[in-house]
Structure formats: structure tokens, C-alpha cells
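Supplied in C-alpha cells, the structure appears directly below.
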Amino acid sequence: MSGLMTAMTAVLCIAMLVAALVAIRVLGDKSLPIAILAAGLVSLLASVLFLILASPDVAMTEAAIGSGLSTFLFFFVLARIRSWEKGEREYDGEKHD
Amino acid sequence: MQRTLNFILLFATLLFFWVWMNGSVAGDVIIVGVLASFIIALIFRNGSSIFSDFKPTPRALVYSLLYILFFLKELVKSNLSLAAIVLSPALPLNPGIVKVRTRLKSRMGRLLLANSISLTPGTLTVEMKGEWFYIHCVTVKSADTDAATAAIVAGFERYLEVMYG
Amino acid sequence: MTGKNMIKRLLALLLLASIGAMFASLLLAYVPDTDLNFTARYYAEHTAADIGAANIVTAIIVTYRGLDTLGEVTVLFLASGIVGLVLSFGRKQNTTLRNLVPVGELLTTASQYLAPIIMLLGVYVFVNGHLTPGGGFQGGAIIASGMLLLLLSDPLKRFSHTLIATVESFSGVGYIALGLVGLVLAGGFLDSRILPNGVLGELISAGAIPLIYSLIGLKVGAEFSSMLTSLSETEDL
Amino acid sequence: MVYIAMATGFLLILIGFYGALTNRNLLRMIVAFSIADTGINLVIISVGYLPGRTAPILDTTVTAAAAAARIIDPVPQALVLTAIVIGVGVTALMLAYTLKLYEKKRTLDIAKFTELKW
Amino acid sequence: MVELLIYAAATLVGMAFLLALYRFFKGPSAADRVVAFDVLTIISISGIVFIALAEGRGIYLDVALVYGLLSFLGVIVVARYLERGL
Amino acid sequence: MTDTPLGILGGLLLVAGATFLLLGGLGLVRMPDLFNRIQAGTKATTLGTLLTLAGTACLQPAWGIKLLLIGMFILFTNPVSSQVLARAAHRMGIEKSPQTVVDRLAEDTGENS
């Protein structure tokens, strides 16, 4: 069944690269929440890829951490910054260039 | 008294899940499970278990079995109808958010009702306010509250009312 | 401004191109091994008999390279401590609490039912670390995720700092103490063979590995939780 | 399969570096760093992979006697496992500093932080 | 026969994955991308089960367990952020 | 993985589940607005995943217990996330498709009608 695995790897890799490119705004949307979401997607898909590469321990670590914790850390900081900016204009993440 | 009962129920639920996760009832598994469940139940002593509101009558047990069957039937049926919509080239949609009424009071019953409505495609719980549920439908048959209640809620509520009240 | 930006971007691309060429040469010259190397072969052949753990990665983390893991846990401890310290500097005194959009009923109810089960899954993962994939680090992260669910269902919730600190220090002290016991009774610091190895594949086996990994799990969980709480408390007082 | 995964890992590292070098928003730089982090982990894991073998966990399908012929290299996995956890700690640290910097300067633009320039 | 069916199923899952990825890439709003993210994680659970099946190792299912119980957290975090509840 | 009747049944269930996953993906792309996308996307994929799990349980009966647990977790967590997302979207005032006939929630709360 290694053909199946190779095809799966290819699909996952394409998805990860697309998500990473969205995250650093080479292509796609320019807002910061989307970038963080895309980075979370990269790490969730990386966990499936780790499983294909026969390392379930690493896959489980990445799934447990990438799914909630790291996304939450980013969004919490973003939310704090947004609430401090209350009264100014809506935070769009890209004020300065 | 109520708190002790709550604690015991939560402990039993956790132990049940522990055995299910491990898939074995060997002695060491049970010992570790009792310890872990006890500590977690102690931390969450204000929390509640899935079975806290369950009415332990024989009728409720029969009805929960019937409920699962009914739910699975609805799940497959509505998935097929949604598939027909997605596959048809014209996308025959008629979306809208309708308001329905529920008689359920217990938290678990309401959670199960909202989840069941959300899981059957074509309907999606958007907001719960007291006895009113706001449901998004892909095809609105009738915007009237009573008619929508009869169409969406009544089927599940019949079973849930006996189980959780 | 734009010209300067342009030059910067060009320089960045140049740098990346050189790194990329390096990577490409690495990739083209790479040939996968056909057999295990010396160290891996040793681990593969001796773990089951020496340590009694079915999961070889766990055996490496807890016993063979136990001292490294102690370092990792220390780094994590320092990171969480510094996060708390940095965020507590010059905290504003009289900011009003944010008026947040209230949480829906469904999420509160569901988190109440789900959080204990998530915690139980975390315990399952680190207790079974020597048999199935997973272990202390994963279990700790899952326990912290349970905390995160509680925090999401009530953003202004405050966890008991003393509980988190107590769990953290007790598990840390216990971890070191087990290591010292290993130094006295068995081959060296953090040697898991202070308890009998038992039968391969049973829950209570592999010496002290389940115990050590549970302590690591509790410690990691407490550290992540304290990170979460110190981030979520940046604006009150 | 190993080659695809490894190439993706290298590309992710490059993408992450590119994002960290060209963006001036601090949060976006941290996002880019975490992507590069994932890429590095992917490369290390794919170095440890041996074609046609399976995970280093013994059970009924992989017995202890046959382990040396059936399993892949467990050492990179042990390394990456801790690296991921430490990575989250580092990310949290960077985010805490970012929050503090924002509180002082009310901006996330890296070009506005000029105190340490000479 | 069974192998053939597994291959067919895996192909269909891959196509579903690519469709959801298209929606993630396309947007248009942030919430649309979150929906696509949710769908991608659910499809990934099927993917994990397929991997376990192909390798014939039941212990891989533990990863699916963690994935299934935790992947909804990410969606909830983003949704709460978007509705200004964080 | 042999051609026993149970194995064939498992394979067919796998294909059925994958078909539902594909339908979910298709709905995600084709539907006109966010709420309909949530409906098509997360619901059809839930049934698809459940059928995949059932098919796997037929192919490897020893995994049945754990697969059942995974299925239950999915059934419990999935609607929660989609409901929270739908609620957030409604509060944000996401544009609804012009075919929408009625919106009682916006009428009742008086926002973004």
C-alpha cells in the first residue's frame, strides 16, 4: 500500500505549502487572523504527515499542541491588542506598509 | 446529598470512559482508573456528568435505545436529501432562520437536542435563548413557529423528554 | 521608502536562494538508509529486555536520555516562569474589565461535560506512555487543552494559582526524587529499573516509567496551564 | 515518499524564513517562525524514516525479537517530540514580549523599535 | 477486491480534501476559511484511520482519538475571537 | 484484508463514507453563503467519517471498541464547533445569500437585519 501512502503524502504536502504561503501572505488573504489560522492548519496537517512517516508519538504531540494551545496563544494576544485599540480604528494587522 | 450523588455519578462516568479507552478490564487498569477518575472528579466537583440529569427508569432506558435508532435514521435520511440538493445543478435552496420552541428544561437534554438538530443536515442550531431555539434551515418549509417546531423538534423531543425531562 | 523596501526584499531573496541551494544539494545527495544505525539497533534490540517498555521512544526519553528530558522540562519551566514575570511587569492598575460577548449556552454546557473527559484522556495518554503512542508531554498538553476549554467557556474565569503551583512543584520534586532513588538503587540518575520490569505489554510494567512519565505529564500540564492563565490575566487587577 | 516529505520540510523552512525577513509586523514574524519550526521537525523526522518499516512500538504485529528488522530509527522521534514542546514554550515567550512591546509603543511595526539601533 | 475498494475510498477522500482546501484558499470571508479548516480537520481523521488500516497497526488510532477530541478547540478559539468574545 | 463477506461490507462502507466526505467538500465549494456551507460541510463530513470508522471496524474487528469511542467523540464535539461558529458568524453580520427567505433571529435581536 505504499502507493497510497505516497499519494497521500503528496496531497498533504501541497496543502501544507498552500497554507504556509497563505500564512505569510505571498498569496491569498492579507489579514492576520487568517495567517494564524493557516499556520495552525500547517501544524495540524504536519501531524498527519508525521503519522505517515511512522512516528505516532510526534504526531500526537503535534496534534495536541497545534490544535488548541498555540492557536489560542496567538489569538489571545491578538484579542488583547484589539481591545487596547478600542476607540481607534479596527485592527487590520497591516497598518504600516 | 445532591453533591455526593453528583460526585459519584461523575466518578462512575469517568471510570466507564476509562475502561472504554483502555479496552480491557484487567486489575491494574481498573486500579489506575479508579485513582485517576477519583482525582479528576474531585477537581470537577461542581461539574456534572453526562448521566446527572438522566432519569433512571426502565422506560427511559428503552427510549434512549429508540432515540439512538431514530437519530441514526434521521441522520442518513437527511444526508441523502442534502446530497440531492448539492448534486443538482440548480441548487434548489430556500434558506432561512426559523424560531422553534422546546419544552426541555435540563441542560443535558437541551444540549442533546441542539446537537441532534445540528447533526441532521439541513438544520443547524444558531442560537439558544431560553425556550426558543433559532434554527437555520437549508430549505424552509414554513416560517411559522409552531409548524417549524412540529417539523424539526418534535421528533427528537418525544424521546428526550422521557430520558432527561 | 519603497526603493529601500525593494532592496531589502531582494537581499532577503538572495539569502534565501543561497540557503535553498544548500538545501537542494542536501536533498539530492540524500539516500535513505536501508538498515538501522548502531545506536538505533542497540535500542531496538535491548529495550524490551532491559527496560520492559513497548514504546521505544518512551524508553529513550525517560530512561536512556532521561537527563536530557530533565533539561527540557527545566527549559519549559523557565519559559512559563518568564512569561508570567514579563506579563506581570508594570501591570496597569485600574483598567475596567472588558465587556465581552457572552458565551452561548451550548458551549458552556458542552465544556462542562467535555472538560473532565479531556482531562481523563490526558491521564490515559501519559499513563499508557510506555505501551501506546503518547506520554508525559502529550498528556500534559491535553490536560492544558482541557483547561483551555474551560477558559474559553468563561473568559473571565480565574484558576487557582496555588493549585497549579502545588501540582507543578510536587511533580517536579517527585521527578527529581525518583531520579535520585534510581541513582542509589539502580544504574544511575533517572534509571527506571528501581521497580521490577513486569510483563511487556501490561499497564503496570516497565519499572518506574509510568510513574516518571505521569510526573512529567502533570508538570508539563501545570506549566502550560500557568502560561495560559498568566496570558489570560494580563488585563485585570 | 521520504523525498516528498523532506522537500516539503525544506520548502517550509524557506517559506518561514522569507516571511520572517520580509514582514515587518511582529506577530506575522512569529507566525513565520512557527512555520519554519514545523519544517525543521519534518526534515528531522523524514531523515529517521526507513522505507517499508513501521513505528518503533512493540505489540503483537511487531514482536521484540523481530524489532531490529521492522522498526524505524527512534532517536529522531525522541528529539522532535521535545523540540515541539519547547517550540510552544518559545512561541509563548515571544508572544509575551510582543504584548509587552505593544503596550509600551502601541505599534507592532518592527521598524518603529529603534532604541537598540546604532 | 477489498484493496481495490480501499483505494477507491482513499481517492474520494483525497478529492474531498482538495475541494475543502480550495475553499480555504478562496475565502472570501474569515468565517468561510474557518469552516474549511473544520472540514479539513474532520477529513484528516478519516485520513488517519486510512493510514492505520494501510499499515495494519491499531495503536495509530490513539492519534485519531486525540485529534477527534481536540480539533474542535481551534475552531472555537477562532470563532470566539471573531465574535469579540476573547 | 481478505475477501470475506465482512471484509467486502467494510470496503463498501468505506467507499460510502468517502462519497459522503466528497459530497461535503462539494457542498462546501458550491453553496452560496456561509450558513449553507456549514450545513453542507460539517454535517455530511460527520456522517462520512462515521461510515469510514464503521467500515474500518468491519475490516479490523479488533479495533471496534476504540473506533466506537472516536465516533462518539466526533458526534459530541462536531456540532458544538459548528454551532459556535454559526453563532459567531451571525453576530458578525456575515452576508446571507439573497435567496434567504426569513431570519427570525435578526428580527428578534434587531441587529444586522
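For reference, chains read A, B, C, D, E and F in written order, and residue numbers begin at 1 within each chain.
In this section, contacts are C-beta pairs under 8 Å (C-beta built on N, C-alpha and C of every residue); 3 or more make two chains touch, one makes a residue touch a chain.
Nothing here was measured: the structure is a model prediction, and the numbers come from that model.
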| item | value |
| --- | --- |
| Reaching subunit D from subunit C through chains that touch each other, fewest steps | 1 |
| Chain separated most widely from subunit D, comparing mean CA positions | B |
| Chain whose Cα centroid lies at the greatest distance from that of subunit A | B |
| Which of C-F and A-C has more C-beta pairs touching across its chains | A-C |
| Subunit A and subunit D, separation of their C-alpha mean positions in angstrom | 12 |
| Between subunit A and subunit B, centroid-to-centroid distance (C-alpha), Å | 31 |
| Euclidean distance of C-alpha centroids - subunit B vs subunit D, Å | 39 |
| Sequence positions of subunit D contacting 2 or more other chains | 2, 7, 18, 22, 49, 51, 54-55, 57, 59, 77, 81, 84-85, 88, 92, 95, 99, 103 |
| Multi-chain contact sites of subunit F, meaning residues that touch two or more partners | 26, 38, 46, 66, 69, 76-78, 80, 82-84, 87, 91 |
| Overlap residues in subunit A, where contacts from two or more other chains coincide | 5, 52, 54-57, 59-61, 64-65, 67-69, 72-73, 76-78, 80, 97 |
| Touching pairs among all chains present in the structure | A-C, A-D, A-E, B-C, B-F, C-D, C-E, C-F, D-E, E-F |
| Subunit C partner contacts - residues on subunit E that touch it in the complex | 59-60, 62-63, 65-66, 69-70, 73, 76-77, 80, 83-86 |
| In the complex with subunit C, residue positions of subunit F that touch it | 76-77, 80, 83-84, 87, 91 |
| Residue numbers on subunit D that touch subunit C, as the complex places them | 2-3, 6-7, 10, 13-14, 17-18, 21-22, 47, 49-51, 55-59, 64, 67-68, 71, 73-75, 77-78, 81-82, 84-86, 88-90, 92-93, 95-97, 99-100, 103 |
| Complex interface listing, subunit B residues touching subunit F | 20-21, 23, 75-76, 79, 82-83, 86-87, 91, 93-99, 114-115, 118-127, 132, 134, 136, 138, 140, 143, 145 |
| Residues of subunit A touching subunit E in the complex | 1, 4-5, 7-8, 11, 14-15, 18-19, 22, 28-29, 31, 33-34, 37-38, 40-41, 44-45, 47-48, 51-52, 54, 56, 59-60, 63-64, 67-68, 71-72, 75-76, 78-79, 82 |
